[in-house]
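Okay, so chain A shows up in both of these, paired with chain B first and chain C after.
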Partner chain A sequence: MRFELEHASVRYPRILALDNVSLSIASGERVALVGPSGAGKTTLLGLLHGGVRPSAGTVRVDDRVLGEMSMKDLRATRLAMGFVPQSFGLVPESRVLQNVAAGRVGTRNWFGTLRDFLAPSRDTVREIHETLERVGISEKLYERVDTLSGGQQQRVAVARALFQKPRSLLADEPISSVDPSRARATVGLLSDLAQERELTLLVSLHQYELARELFPRLIGLREGRVHFDSPSSKVSESMFRDLYELDVTSS
Partner chain B sequence: MSAVSLALLVVWAWAYGGFRFTDLFQNQSRENATRFLREIRPFPLQDQPWDWTTWFRWMSETIGPNASEALGATLALSVAAVILAAMAALVVSVFAARNLAGPEPFAPSGKPPSQIARVLHRGLVGVTRLILLFARSIPEYVWAFLFITMLGVGAWPVVLALAVHNAGILGRLFSEVIENVEPSASRTLRVSGAGRGQLFVHAILPQSLNRWLLYFFYRWETCIREATVLGLLGFISLGWYIQDARAGVRYDEMVVYVGLGAILILLADLVSAVARRYLRSG
Partner chain C sequence: MTWYRRRTVLLFMALAGLGAGFYLGLDPRTLVEPRTLRVLADFFGASFKPTLIAADGHSLWPAIWSGLLATASFAAAGMSLAIVFGAGLSFLATSGWWDGERAGRYHRFLGATVTAAARALIAAMRSVHELLWAMLFLAAFGLSPITGVIALAIPYGGTLAKVWSEILDEAPQDAANALRAAGGSPVQVWFLGLVPRVADDLASYGFYRFECALRSSAVLGFLGLPTLGYHVSLSFDNLLYRETWTFLYILFGLIVAVELWSSVLRKRRGWA
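Entry: the complex of A and B
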């Protein structure tokens, strides 16, 4: 799945969240989005899945402009993107099974939707079980989500995105709420899955080492602008530190 | 300022309303009260020494098959009415919730919605809310009068009266629950390609169900109370027996029926409290 931003800006009532950003991400690329809180990482991911509408500029997915799509086309496009938000976006009162099943809602008609929610078919359950196995929590299939720990919920969110059979995976700070060793495992898992299934991967995070090691390309954001966009081998630690410390020096 | 006007309102109400404390203790009132207190003593025991056997026989005759039937009718009426109300409310509340019924539920659509679409969606929500407001602003008692005029005396006018009024209340409350649902799950499903109905099934329904049921039980309680009262309009429920006993100056029986009504409401309170505690914890 290809993504392209062309002079995209996002203006919220009190802040310019993204300022004239142009970039393109080729199919199968693995990109880490880095930058301090408030730099616009979440907004940028939002532009790509259409959760945020650009105030100016265009967003293209597979060479088609998101803002010109019919609802039907947009839903089809969205179905092909797995999205793991920072808040996980799970339904706490539902079971893991139902939450993961909801990932494929874009392919279901009315009957299929009700069935997935009430009593998914044996094939669906088996497939969900396999997906959960891949992220390492298959034993939680019938647990209610609100009984799981933060780390487990995060893996449910990843499983839901995978169950979509997406062509791209967008994850917003997937490791902000887990300890360092778990963080490594989680991002590693996303990276492995992306390579295994040839997904375009976009992950926002703060960890220089991890970003450099697991992602061939880094995009540094600061105050809504692209600060650097280069192969990770060319991003030095000082460039990375600059990204986070500019605030102090500029003021 | 507002405290002063509030105080003035209180003074005015007491002065203008013409209720004087001395009226409470006039000779006439005192006589009536004394008579009433004498006559609520079971008839066979009036001017007699108290005797439990006689009392028990009188009690079972009074409650008898008729009153227990009325008790059952009151209960059945309230259940039927609240279920009808909840079903209607569930359907209608979806159109009264600004988030779900808005032009772009939880996440932008591709093309920005046209001005016409915005106006239509706002109109839909507004009209739905107006209908709910209308349904609940007319009291059950008045609805029952209207339905009796159309359908004649029977169970249906009372069921419909309770159902319509409560659908108005539950519809509003249900839609507020929908509007207060934590949006992140709905938003995530929306950007994964879910339609409105699918959002409802997968995200809104499980996140709202508990609170909907809380309101459901709360209104059921009220329905029992109201079903008793509406019997005064001629339908055979406890209220009818109360009315009948009063008309026949059988205050002793009247007190028993009032007591039965209170017990029924107390039981409903208990069931509802248990159910609600369970729902809160689950």
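Entry: the complex of A and C
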């Protein structure tokens, strides 16, 4: 899947969250989005998956403008994108199984939806179990989500996006709640899957080492603007530190 | 509010109360007229000696059972239909169902129109009391069971829709947004992302309304439907106060039984 922002801005009542951002991400690219809290990472990911409307500029997915699509086309486009929200977006009162099954809502009619929710078929359960195995929590299949730890919930959200069988994966700080070794494993999994299935991968995170090691391209955001956008080999540690520097005067 | 404004408001409320009393011709002396006092004494005196034997010597049990059964049946049938109305309308009246669709202007306009229409319909259903609906349908269908069921289902459906849609509007939106992002349709988002987040609140309010429906169903008997209210009014009109109290106690028992049942369910499910 190909993504393109053209002079895109997002204005909230009190703040310009994204300020005239232009960038394009080619199909199959793996990109890390870095930047301090409030830089606009979540907003940018929201623009790309259609959850946030631009106040100016255009968002294109596979060369089609998101805001001009019919409801049906928009749903089909969103079905092809796996999204892991920063706040997970799980239903805590439901089981892990149902939450992961929800990744396929876009492909289900009302009967299938009901079936997945109440009595999923053996094939569906097996497939969900395999997906959970990949993120390392298959034993939690029948647990209620609100009994899991934050890191485990985050992995359920990742599993839901993988179960969706998307053509692209957008993950908003998918490792913010897990320990360092699990963090490496999770991002490594996303990166491996992206290469294996030729997915476009866009992940926001704060870890310089991980970002450089697993992503060929880094985009640095700060105060709603693109600070750098370059191959990760060209991003030095000092550039990265500058991005996060609290009292840097914006150029 | 400062003290002098509070005093003005209190003074105004007192004057309004007095004014209303004069307008209605309320006279406290009617309360202590001998005839009134005798009726009151007869009626409340009978509350200590409810009877299970009717004036003609027959047992009251058949009437009690049929009254109970009819009261519960009308309430259950009315509520079932009300839940269907309530679920459908509360979906349409929830402000979030079309909002999340970021598609074009046309759909947003359509969504806003449908929501406004649903809310107007809910207001219309609620603004007429079930007794008035019953009188209306009595004129149309006669004393048929359908009269009672529809008369209950309309205002109760409207109230369920209003309160449920308010509960759903307050529900956390993150799961709903995630489902939209995965390509879910509005109905799927509603059922899988919003309803489960507040299912307990929706269910407890539904239960509370069921208790209200039992009371309303009993009252519909005053119009001639065969619920407990029918027996209450019949015995009352014939000055058989002891029988009246029997039926009132039965109604009270029914409400308490439902209350207990719902609190047991609540405990078992760990509801607040």
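Keep this in mind: the second predicted complex is superposed on the first by the 245 of 251 C-alpha atoms of A that agree within 3 Å, B and C clash if a C-alpha of one lies under 4 Å from a C-alpha of the other, contacts with A are read in each partner's own complex, and residues count from 1 in each chain.
Simple rule for what comes next: contacts are C-beta pairs under 8 Å (C-beta built on N, C-alpha and C of every residue); 3 or more make two chains touch, one makes a residue touch a chain.
Treat the numbers as computed from the prediction; the structure is a model and nothing was measured.
Chemist: In the superposition on chain A, see if there is space for chain B and chain C together, and answer fit or clash.
Modeler: clash
Chemist: With both complexes overlaid on chain A, does A:51 touch chain B (first), chain C (second), both or neither?
Modeler: Both partners.
Chemist: Between chain B (first) and chain C (second), which, if any, makes contact with A:7: first, second, both or neither?
Modeler: neither
Chemist: For A:126, using the defined touch cut-off, is the partner it touches chain B, chain C, both, or neither? Pick first, second, both or neither.
Modeler: Neither partner.
Chemist: Is A:234 touching anything from chain B or chain C once the two structures are fitted on A? First, second, both or neither.
Modeler: It touches nothing on chain B or chain C.
Chemist: Which parts of chain A are in contact with chain B and also with chain C?
Modeler: 49-53, 66-71, 74-76, 78-79, 81-83, 85, 87-94, 98, 102-103, 105-106, 108, 110, 113, 117, 160, 164
Chemist: In the complex formed with chain A, which residues of chain B make contact?
Modeler: 107-112, 184-185, 187-195, 197-198, 201-203, 205-207, 209-210
Chemist: Okay, in this complex, where on chain C does chain A touch?
Modeler: That would be residues 100-104, 107, 174-175, 177-185, 187-188, 191-193, 196-197, 199 of chain C.
Chemist: Using the touch rule from the top, collect the residues of chain A that touch chain B in their complex.
Modeler: It is residues 49-53, 66-71, 73-76, 78-79, 81-83, 85, 87-94, 98, 102-103, 105-106, 108, 110, 113-114, 116-117, 160-161, 164 of chain A that touch chain B.
Chemist: In the complex, go through chain A and note every residue touching chain C.
Modeler: Listed in rising order, the residues of chain A that touch chain C are 49-53, 66-71, 74-83, 85, 87-94, 98, 102-108, 110, 113, 117, 157, 160, 164.
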